[in-house]
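There are two complexes below, and they share chain A, which is joined by chain B in the first and by chain C in the second.
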Partner chain A sequence: MADKKTITIAIMDAPYEDARSTTTLRLIDLAAKRGYNINVFAYEGAVLQPFAAQTPHANAVHGRSVEEENHFIPKDAIAALMREAERNGGKIDWVNCGLCVDERGATNAIAGVRRGSPADFWQMAEASDNTLVVATR
Partner chain B sequence: MPKYLLIESRDPFDSNDTRFCCDLAQQLAAAKNEVTLFLVQNGVLPVRPGARSADLTSLAGAGVRVLADTFSLKERGIDEQRLASGVAAAPLDVVLDALAEGAKVIWH
Partner chain C sequence: MKTLSIVENAYRATLEEQDDTIVWLHGAMKGAGADLALLLRGNAVNYLVQRQEAGGLAFGDWRQTQPPRIASDLAALAAKGVDICYVAEDVTDRGIARNELINSAQPVARGAVAELLGRYDRVWYW
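And then the complex of A and B:
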């Protein structure tokens, strides 16, 4: 693909806490559909986005089963985005900050996520066409 | 001409620092840069004609392209056809296009 791009995105928001997570996943989705290579550097709470132990639950208050609740599970969304990127000739390289992982006990991530450090973020940014830091407040 | 895309995700009714993006956009446009302000999440709330929309209209008048994320508008029940003057609805693809073109993209 002549116009294939490599984009790096840094995120720091934990799942279920801010719309920034949703917007970031939407952006990754668009890039995956275009067949871009996408580097993600997740730090602080964002290392829990691909945490493998996330589990959908029922909603007793509203009387809905697990299936009816159809709870959004970020790790499943990320796995689907990885498959989407590969289907379109791209790749998602998701790096979780190792120290942030250790602090949170978030070592059990889904397949395709690797452990790294801010040095990886610098290297990914250097090798990319562009970089977006999704800054928190 | 250098290109800038400023992403405003914050609600001006909730955050005192949203002037940052407007001021920066205005200064960059005045310095002959191509500037887009992309509003997303609660950042789209001031696009409703009213108390805080004048800043966006003024910015558009200063040569800044002001866009509001279609998805964020829909989530909040804001009609795309009733946006403040100078503001247009646009998909999130605008951000990816800017990144792909090598524009300087800043998230706020």
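And then the complex of A and C:
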């Protein structure tokens, strides 16, 4: 595709902390539907977004079973986004900051996530049509 | 010992959590026998608006089937015996009409908040 776009997104917030993470995933979804190549650099708490040990739970306060609750699990959303990108001829290259991973013990990420460094973020940005930084506040 | 919780921080990760975690926490504590009340202030007063619709979130082939329904959660909390009140001016300042809110929440004038706090043994500010 001659007009295929490549974007790089830096994300910083840990899951279940702020709506910025959900908004970021929605932007990635839109880019995936358009067949873009999407680079994600997960920094600080965001390395826990694709943490493989995330587990859905029942919710007694809501009165729902684990199946009924169908709880939002970020790693599943990210896996769905990776499938969506591939379906549309693009790809998601998700890079977790390695030192941030080590600090948090978040080594167990879903397939398709790789360990990297700030140098990867710089190189991805250099090779992209545009870069979006979704910083923590 | 009766506890009043003041909730001000609003819509923080509610799509991910499928609720507000502080409202949820009070549901769980009420279930454990706690004597609780909630005062919503600031942007959190919007939690009381009945016509909120957060459905439709989707990522690729994943669909959210249980979006947050915070007004309903608060109404359910009130039905369990948790007093729900809100700062009246914070509703007015945001252009929200009283008839848009759940029925089980009671207005408190901003100038009466201090007196309200004095009625409780503990006050937690979230």
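In this section, the second predicted complex is superposed on the first by the 137 of 137 C-alpha atoms of A that agree within 3 Å, B and C clash if a C-alpha of one lies under 4 Å from a C-alpha of the other, contacts with A are read in each partner's own complex, and residues count from 1 in each chain.
By our rule, contacts are C-beta pairs under 8 Å (C-beta built on N, C-alpha and C of every residue); 3 or more make two chains touch, one makes a residue touch a chain.
These numbers were taken from a predicted model, which means no experiment stands behind them.
Aligning the two structures on chain A places chain B and chain C side by side, free of any clash. Counting the residues of chain A touched by each of chain B and chain C gives the higher count for C. Look at A:Leu27: by the touch rule set out above, it reaches chain B but stays clear of chain C.
Shared-chain residue A:Trp122: touches no atom of chain B or chain C. Touch criterion met: A:Arg137 reaches chain B, while chain C stays clear of it. Once the two complexes are laid over each other on the shared chain, residue contacts for A:Ile7 go to chain B alone; chain C is not touched. One geometric descriptor of the composite model is the angle centred on chain A: between the Cα centres of chain B and chain C it reads 60 degrees, in steps of 10.
When the two structures are aligned on the shared chain, A:Ala19 is found in touch with chain B and with chain C. For the three-chain overlay built from the shared chain A, the minimum Cα spacing from chain B to chain C equals 5 Å. Shared contact residues on chain A (touching chain B in one structure, chain C in the other): 19, 26. Every residue of chain A that touches chain C in the complex is listed here, in rising order: 15-19, 21-22, 25-26, 28-29, 32, 59-62, 64, 68-72, 74, 76-78, 80-84, 87. The residues of chain A lying in touch with chain B in their complex are 3, 5, 7, 19-20, 23, 26-27, 30-31, 34, 36, 129-130, 132-135, 137. Against chain A, the residues of chain C that register as touching in their complex are 11-19, 21, 24, 27-28, 31, 57-62, 64-66, 73.
For chain B in complex with chain A, the touching residues are 9-10, 15, 40-42, 71, 92-93, 95-96, 99-100, 102-103, 105, 107-108.
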